[in-house]
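In the two complexes that follow, subunit A is the common piece, with subunit B as its partner first and subunit C second.
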Partner chain A sequence: MISPPLLYALIMLAAPLAMVVTFSFWSQNYLDLDTTITLKNYKEAWSKPIYRVLILRSLNISIMVTLVTVLLAFPMAYFLSFRVKRNKALWLFLITIPFWTSYLLRVFLWKVILGYNGVLNSALMGLGIIDEPMTFILYNLNAVVITLAHAWAPFAILPIFVSLERIDRSLLEAAEDLGDGPFRRFFRVTLPLAMPGVIASTLIVMIPTVGDFITPKLVGGTDGLMISNMIQIQFGKANNAPLGAALAIASMVIVGSVSLVIFIAGRWFRGRAQ
Partner chain B sequence: MTQNPIIDIKNVHKSFGKVEALKGVNLRIEEGEFFSLLGPSGCGKTTLLRMIAGFEEPTSGAVIIGGEPMMGIPANKRPTNMVFQSYAIFPHLSVSDNVGYGLAKKKMSRSEIAEEVNNALAMVDLVGYGDRSAHELSGGQRQRVALARALVMKPRVVLLDEPLSALDKKLREQMQIELRELQQSVGITFILVTHDQEEALIMSDRIAVLFEGEIAQVATPQTLYQQPVNERVASFIGVMNFLQAQATESADGGLGLEIPALGDVAIAKAARPEDLPAASIDRIGVRPEMLTILFDESDHAECESEGVVVGASYYGDMTYYSVQLPETEELTTVSMRNTAGRSIVASGTKVRIGWGADSIVLFS
Partner chain C sequence: MRLTRFLSKNWLLTYAALYVAFLYAPVILLPLFAFNESTIIAFPLTGFTTKWFTVLFESTALHQAVKNSLIIGVVTAVLSTILGTCAARAMVRFGFPFKRGIVSFIMLPLVLPEIIVAVALLVLLMQLGFPLSIWTVIGGHVLICVPFSVAILSSAFQGLDKNLEEASLDLGETGWGTFRRVIFPLILPGVISSLLITFTISLDEFIIAFFLTGTDVTLPVYIWSQLRFPAKLPSVMALGTILLVLSVLLLVLGEWFRRRSAKQQGLDPASGGGFMQ
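Right after this comes the complex of A and B.
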C-alpha cells in the first residue's frame, strides 16, 4: 500500500527528478527529441569550458554567500540566545520582518542602494568620502553575495539559534569551572554543540544558492551569471532541454557531494573538539 | 577551631532584584571537612555554593578561600571544582575526555593526562568506561564521572549541588556511603548542598542549616539532632514532638519543668542551655525514640506517664505509634524498635510511657 505522504513525495519530487534524469540521456535534433540513450550531453557539459566556468563560479559564489551569511548569522544567533533575556520571541519576529516584502522587491532595493547613482554612492559622495561613484558594488559578484547574504540571514540565524538554545547552560559553567576562559570555552563546548545548527544553516543557504538564477540576473551583470542561468537558457531560448537537464543533474551531483563533505566535516569537528 | 579556615564567608548578602537570597551569612569551613548546607528548597543553598565556586558575586560581604579574598576572581581561577546537580557531562566527549577536560590546560603530556584520568576513573570505580560516550552511562555512572572530573583537578574544595537527588533510593544510600569514604581517603574539603536531612546527617562532619537566606545553626550531626537551637531546626531534622510546658527557676541553678502531657521533671544546671530564662519557656521538644512504651508491669523508667495508642505505622525494624497524651490535643509520636516476641499494640490500648530529664529538648 502507498501512503498519502509517500504518494505526494513521489508525484512532487521523484517524478520530476526522474523526468530530468531521463531527459539528460536524450538529445535534441533541432525541433524534435531523439530518445536514444546517449552520454553526449554529459560529454558536452564536461568538455565545454563555459559550463565548467559557470559551475565553478556558482559553487564559488554559493560558498562565499554561505560563508558570509553563516559568519554574520552566528553572532546574531549567539546574541539572541545568550544575551537577550526577555522578549526573545519579539526579537525572532523582528528578524523575520524582511520576509514581509517580496524577494524581488528586496533585490530591487539592493539595486537602489548599490547602484551608480544609488543611495550608498550618493551618501558617500555627499559626505566627501569618495569622489566618484564606486562601480564594483553592483552588477558583479559582490552584489550577488551581498543581496543573497541579506536574503538568507533569517534562514541561517534560526537553526543556529535553536542549537544554541539547546545547550545546557550548566555545561558552560562546567567548562569554566574546569579552568576554561571564555575563548577556550567557546571553541571547546559552545561551538561543537552548536555544530548541528551551523551545518544546517550552511546547507540551507548553500544548496539553494547554487541553483539561484534570479539574483545573478538582476544584480550580477555578466560576471555574476551562474549555472542556473545557463540551464534556464538551455530549456528556453537555446531549446536544448536535454543539455539543460544534464547540466542540472551535474550541478546537483556536485552540490550533493559538497554538502556531504561539509556534513561529514562538521561531524568530525564535533567529535574532535578536545 | 583553627585560625585559618579553608573557606571563610563573611557577612554575605545576595539579592536577585527584589529577592533577597542570602541575608548576612557568616560561615567558616575547616580544611578536610565534609560540610553540608542543609535547608528547604529556595533557602539559598545553591546561591551560597555558586558564590564559593565563582558563578555569583556577593551583593555585599566577602568570600575568602585559603586566606585569599575571592572578590572579582572568576570561577576558572578558583581552587574549587563543582559537581553540578545535572552533572553537566559534555555530551560530545567520551568519558575520558570529560574527566581529562580540565587537565588539557595544565602543562602535562598526553601520557600524564591519560594516567591521571585513569587514576581518577579508578577512584570512582569506572575503570574501563573511558571510551564510552556520555549517553551510554546510567545516572549513577554520570554522577561518578562528574565527581572524577572534579577530583582529577586536585582542587582544595569540591562543591556538590544535590549530587544524589536524581538517583533512586537504593543507589542514593550506597553513594552516600561511598562519597563519604572517598572524601575521607582523599582528604579534600567537600561542601555538599542537600535538602535531605538524613543525607546530611549520614555524610557530614558538620552541617549548616539554612532557612530563607539565613543560617539557623551550624553544628555536628549529633549536636544538631540532640540540641537544635529552635523549633524550626528541630522539626526540620528528624521527627520532633512539641509539648506545652512551664518552667520555674530552681535553687541549684537548674529548672523545674511542668509538662501537662507528661508530668514534672527537674533539669540539672548542666543540661540547661545558657541564658535561657525560665519565664521564656512555653514549649519543649521530645524525640519519638526518647519516649518508651513500657510493655511489661516490671518495666520502669525515670519518669512515667500514661497515654492511649491511637494508631501505629509499621516500618519493619521500627513501629511508630501515635499516642494521645493527657492535656494535649496533638498526637505524640513514639517510636519503638521491634524485637522478637513483641506484637504491635492495638489502637485504643492504654499504655504507660517512660521518659526522663534527658528526653527533653529545650529551645532558646
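Right after this comes the complex of A and C.
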C-alpha cells in the first residue's frame, strides 16, 4: 500500500533533490553545461559579497519575521485556548478564511495598504494623526516583515493553539494553589508546556520565509531583496542554473542548521523546566 | 473612563479583535476595489461599478488560464487523493520496515520551501529534456498536496472499525470488493474533503507553477503577469473577489463533509485531523 506514494516521492522528490546537488557541482557557460565536478559555484557563492549579503539578509529577515509572527500569534492562540469557551472551531475557521485567497493578491494588497498614497497613510492623515505620509513602511524590510507576519499567521497560531489545548488545566490550578501569581504561573507552567507548539510554529514560519521571493519582490524594494530572488534570477534571466542550485543548497543548509539549533534549544528549555 | 476600564479588564479580547482586524484588512479591500469606479487602487472610492467583472468575461487569455488551472486542479486533486489514500491506509493499518522514515519522507514537502521543490523539479526536467507543460505543474502540485491528503485521510481511516473489513472478507468478498463496498463508502466524506482541499491548494499555488509552467500559464501566473500593468489592477481585484468567494464555498463544503464523516464514526466533529488543525 505504501509503495505508490513512496515511489512517487522518490521519483518526484528524491531524484530532483539529488539532481540539484549534482548540478551545483557543475558549471554553465550560456547554453553549454560542463559536467566536470567543480566547487566553483560554492566558491563564487561564498566569495562574491552580493551572495553573502543576500544569504545573511534572508536569514536575518526570516528570524525577524519569525519572532514578530510568533510573538503576535501567541496571545491569539492563548485567547482561543483559554478564553473562548464555545465555538472554538468557528473562531479557527474565521482565522483561516482570509488565507484562502490568492497569496499573490494578499501580498499585493499590503502594497496598497502600506503605500505612499495607501490606505493606512490616507486614513491616518484624514484622522489628523500624521501630517505627511509615512515612508518607512513600504519598499523596505518593515514591509516584508508586516506582510509575512500576516501571511504566516494561521501557521503560527494553530500549532501553539494545539499545544495549549493539551495542557492539563489542573496543573495551572496546582501552581496557583502553591502560591504562584499569574505571571510566575505563566512562565513556569504554561509557557514551558506550550514550548513544543512554539518550536513547531517557529520552524513552520522560518523555513518557507527563506524560500519566498514574491513578498520581497512586491513590497521589499531593493533593501528587501532576498536569496530566493537571486535563485530565481539565476534560473531565469542569468541562465546559470548550476550557480542557482548551489545558492539554493547553501541557503537550505544554513536554514537547516539554524532550525536544528532552535529545535535543540527548545528541547533543552522544556527539559530544564521539567 | 469606562472604555479604558473595559480595555484593561479585557485586554486579551481587545488584542484578539485587533488581530482579527489585521488578518482581514487586505481581504476586505478586495471587494471594495473590485466594485470601485476608478482605475487607481486608492481611497477615496469614487463610485459603484460592475465593469471590471465585465472585463473579465471578455479576456480570452484569462479564460485559457482558468481552464489550465481547473485541469491542473482536478487532476492534482484526484492523483494526490489516490496516493494519499494508499499512504494513509498503510500508515494506519500496517506496520512495515522503516515506517517512520518513509512516512516522514512522504510528508517532507510540507516543510521544504516551495522554491526548492520547484527548482529541483525544473533541474531534473531540464536534464531529461522533458518539455514544460501543464503535466509538469501537475507533477509538482501532486507532490506538495499528498501530505495534506494523508493528514486528512489518516483521520478517516483511524475511525474505521477493523471488524467491518474482517467481516466482509469472512463473508467471501475479495480484497478489492471489500475496499469498494465497505471501506470506500465509509471514508468517502474524508475523500471528498481531501479532493476539495488539494484542489484549492493547487488552484492557489504560484511558485511551483511559475517555474514549471511552459506557455500554458495557470491562473496565479496570469495574475502575476497582470500585476505589472496598473490599468489591469481593478479587474484583477474583481477576479480576486470571485476566487475568494469560490474558495470559501469549497472549504465550507469540505469542512461539512469532514464533520459528517466524523459524526458517522461517532467522533467529536470539532476535534482532530481537519484542515484547520
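Just so we're on the same page, the second predicted complex is superposed on the first by the 271 of 274 C-alpha atoms of A that agree within 3 Å, B and C clash if a C-alpha of one lies under 4 Å from a C-alpha of the other, contacts with A are read in each partner's own complex, and residues count from 1 in each chain.
Convention: a residue touches a chain if its C-beta (ideal position, glycine included) is under 8 Å from a C-beta of that chain, and two chains touch if they have at least 3 such contacts.
Quick caveat: nothing in here was measured; it's all calculated off a predicted structure.
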Counting only touches as set out at the top, which of subunit B and subunit C does A:I130 meet: first, second, both, neither?
neither
Can A:V261 be said to touch subunit B (first), subunit C (second), both, or neither?
neither
Would you check which partner chain A:R270 touches, where first means subunit B only, second means subunit C only, and both and neither mean what they say?
first
Examine A:G211 and indicate which partner it touches, taking first as subunit B and second as subunit C; both and neither are also allowed.
second
Is A:V20 contacted by the first partner subunit B, the second partner subunit C, both or neither?
second
Larger residue footprint on subunit A, choosing between subunit B and subunit C, goes to C
Thinking of the overlay built on chain A, is A:I37 touched by subunit B (first), by subunit C (second), by both, or by neither?
neither
Okay, in this complex, where on subunit B does subunit A touch?
53-55, 74-76, 80-82, 84-86, 88, 90-93, 97, 101-102, 104-106, 149, 153
Please name which positions on subunit C make contact with subunit A in the complex.
12-13, 15-16, 19-20, 22-27, 29-30, 33, 41-44, 82-84, 86-87, 89-91, 93-94, 96, 102, 105-106, 108-109, 111-117, 119-124, 126-127, 139-140, 142-143, 146, 150, 200, 204, 206-207, 211, 219-220, 223-224, 227, 236-237, 240, 243-244, 247-248, 251, 255, 270, 275-277
Subunit A contacts subunit B in the complex at 168, 170-171, 173-181, 184, 188-189, 192-193, 270-271, 273-274
Taking the complex as given, what residues does subunit A use to touch subunit C?
1-6, 8-9, 12-17, 19-20, 23, 72, 75-76, 78-80, 83, 88-89, 92-98, 100-106, 108-110, 112-113, 115, 117-119, 122-123, 150, 153, 158, 162, 203-204, 207-208, 210-214, 218, 228, 231-232, 235, 241, 244-245, 248, 252, 255
